[in-house]
């Protein structure tokens, strides 16, 4: 049974802890700067509490490392974890800025970066994964248009906005990764538009709450991403992949097959799933299972720190595009856009 | 261009007149006991007004005859029409009672009966016809269960109830024909249940407003028919055919692809089509086109007076089943159930 | 934390064990005639293995009892469990025959019977429960028609058929309970039809594989139940409740919101959930939570041995109806139908 | 009965002729440079054939004028028609270029321009009109995002491409009008991206076959338009309007409510409507009825030549944006973007 050293016993730490147990692995050691949190989780799982991250990572019973602490600690912990030579899963984002992500990858080198699993959990959502597999399997022929919709049920607290890095880095990061995962293309340009029409206060803090981004791939495929920080009817998470021989869609799943027909509402359906744990809960379990499989086999991680860097690069470029009011030509992280 | 003699210039007469013109045929002569009605329709279509049914039917420009008068006149007009040797379409029902339908078929003989097209228009509804074709084409393998739902938006006027012949003869007649059309089986038993829970007054008049009928076919296929005289959300007309390799459904089409998502109603759809001219309007046009094709080719009619007789037979048996509170074994019109 | 004594460590025992842990209760003691099964489950949950059912039930750490052994042992274990005075949950069916169920309820008395929770888990399915709540809350006005569809993906092994009690007792038992739960009515008649068209061998063994049953309630509400032992597209489990002001439906939920549009298949959807653990898995967890709540509060069980008896009564009457080829008038278990 | 002078007896002329008769008006006079076409249509409708457009327009029995000739003749015929003082309906587009549209409006003046009904028929599509009315009625609160999808079943003949004016003027013109109709906003910028990935030959001819355009409105509303010249599964015409309190959608209507469930395809639906006469046929009839109402009441036309000019303006700006590879700031036709 694979033993795991878990960094972080907060909300995401607990999500991963449950997924680890469900996947048949066990928690060997837990570290959290808030000792009480670590102890609480340890009591429920039989793990031991380590007093430093390094101690937890070095635990002899820990065969792999999962990092689920706050975003600003990811880079340091990844650097520490890589030193152990053990397989590592790091929650998204890799770093709280693109510059930090570049430094991190540069520091550990590309080979090690490909051994760090990056937690873009939406890739494992049942519907979204079906779209990706269908596209890669040729179900739509040659892919021509990809439309990604991500809308949160409600905006984050206002005091979070200034330290979020902005909508493109904080929220659309998932969609940039999804665009890469489905198209398997390099993008040649990004054009971003945004408004703060949900809450003007968000605008005064320099951010936006509504956005549309267009990515053009090297082969002409056009990707459009729609984001909104607030959605009245739940957690709106959809994909549409259109190609030469058809289209595949990942629509919002519903809580049940309940429907109601009345004179006024001839066909009301059950609510869509409400927020990320309801919609994406099963995707965390699938993610851990994939990580454990790769760890056991000593493989490169299929989704790794390089993917984290690339998503951060697109987020950075989108931020620049909106600020400069123009299309940004993309040349890759090495010859990156100037003056962002 | 085929010329038509039309009996009846009332609501159904006008429906058929429009379908005739749309199908590229023309109205040659019209007869209606209410002369003004005939004249009004003639003015809009260029037909001549005949003073008797026989005169209209005998018009030299009339190549075929359509009977769309009130139900109680159908038998007499069919007898008259058959004498001309011209192709005849008679609106459903063939007769206002099973006894009268038997007499009619006996009088004209089976060969002539097969030349009288009977207007079971629902067979030509796009969705229902797709189910029938799918079943006959093997799309569900061996058919095992057929479920027919027919619910009207609102009950008929109370004064119509006593002369309607009862729900089974007046309303379920369509569904009996549909059961025959889809299964292409003889039925060995019918069991009918009914209630008057929509309007107790209907019960006091000796009729029911809610019914469920089970037909068992010779090969074991089970057909269930659900009828209701009132449906809050429109004209509920559905089929479900279940078999060894799958299921096909004809669901209610909607007025458009409009949907609305709010916090309270996350997925309201457009209303279903409201009543028979909205839902079944196109089926009358398809019916006339089929009749004209058969007439031109001098073929037997694919749906004819024998089908009208058989549907009346099932309606009669269902009426008996409910009154006697027991399953009626069916032996066919020739050795029919006793004491209905 | 509530401690549970669990009878049975087979498939259903394991389902309940997982639900018990998930609900925050703990397994105190396990009994299974197959000791290895009990030991395996105990190792994973920290429960102790008892050498007799009575010993497990009497365990001081066991506050409540869950019976999940094979059907033929239910009555004896319920009698044993009731003696302890602890709250009891018994998997459905209460007994393997109606006669046995009557004897069981007679032996423990009605008051105790109402303290035995009966595991009709489908009542807690999200979609089905939404229909029940909608109907009881008046969402369809006065209920007039209820249509229940239950189709298994594939028939049971042929050697199971003779000891199953027949389709009505083995499979439709769930639907009889659902009919009672939604209508909250006494039924005045049952009429059953059945065929063995999926596998003639089932017919030779005296059973059927395809069935339609009509129940008429005292107030005129008509319930129709459709069962099939084989369904090509999965586990077809639906409800339709039609009333004076509208209709509510519990349709089959799907594995995801995936859809595919091609020229040949313009709108293929994701598969429906495949079998009972996929579809009804969450309902077992909800059932255990409800049982634990009732146990803690010392309440009568909302679904109890009386409900188990009534469902068995309807199954018995349906079996009689089909064998005798006639409608059975229902007078209740006390003045039961003769000569079944 | 309103009499109509119809310019053009080709495909669109015949569509309008049928709509005119169905709406209870009559064809008084027809002009078509191809006399045989005019005569054929006249024979079926009782209209007289005029030898010049002016003669037809001046016919004493003609109360209103409908222009349905080829696009390059629209401006001249509008100028001619306006002289008669009779109400005019002109098929879209108003002119074959933005410059010509400006000249036309300048020549007749704004007041007269508002009396020329412009045939943006999609506004009257049942589903699309429902979205517009819902948005205007407040059903989604404050509109924040509008997504318009228009995909044709197959590309036009290659020889049409060079004279089409390009995808933005020829195809997306409808969507620009729809964006204006639903948002009722002025736009401050347009950004267009396009590829020729369906047929590289289209690219060699200087055009594109796949496009995404983003319009930003003065109030921050973001509109995205997706166009494709080829769609494997039919005529893909959808709207999604997202706002502060919900979302409304106009999805593709289907040919019927037919569905098929098999092991491989558990939920195939009926095809979507195939091309514009099937999908938008009823919208032409609704358009003529609205035109006739406005004509009778002597009102300004709710959709008129100014709307035609504005749609042409957006198409021109989008063409410029794609060619220049940058966002175009919009200031209105009077201070228009330079160097397009």
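Per-chain residue numbering starts at 1, and chain names A, B, C and D are given in the order in which the chains are listed.
Quick note on the criterion: a residue touches a chain if its C-beta (ideal position, glycine included) is under 8 Å from a C-beta of that chain, and two chains touch if they have at least 3 such contacts.
For reference, the UniProt names are A, B, C, D = Inositol 2-dehydrogenase.
This is a predicted model, so every value here is computed, not measured.
Asker: Going chain by chain, each one touching the next, work out the least steps from chain B to chain C.
Answerer: Graph distance in the chain contact network comes out at 1.
Asker: Select, from B-D and C-D, the pair of chains that is joined by more C-beta pairs in contact.
Answerer: Looking at B-D and C-D side by side, B-D shows more C-beta contacts.
Asker: If I average the CA coordinates per chain, which chain comes out farthest from chain C?
Answerer: So the chain farthest away from chain C turns out to be D.
Asker: Provide the C-alpha centroid distance between chain B and chain D, rounded to the nearest whole angstrom.
Answerer: Here chain B and chain D have centroids separated by 41 Å.
Asker: Report the inter-centroid distance (CA atoms only) between chain C and chain D in whole Å.
Answerer: 58
Asker: Could you list the positions in chain C whose residues touch two or more of the other chains?
Answerer: 232-233, 245-247, 254, 261-263, 270, in rising order.
Asker: Sort out for me which residues of chain D touch chain A in the complex.
Answerer: 141-142, 144-145, 147, 151, 189, 191, 193-198, 210-212, 214, 216, 219-222, 224, 226, 228, 230-233, 236, 242, 244-247, 325-327
Asker: Using the touch definition up top, name the residues of chain A that touch chain B in the complex.
Answerer: 232-234, 254, 261-263, 265-272
Asker: Tell me, which parts of chain C touch chain A in their complex?
Answerer: Its residues touching chain A are 125-127, 130-131, 134, 139, 238, 245-263, 270.
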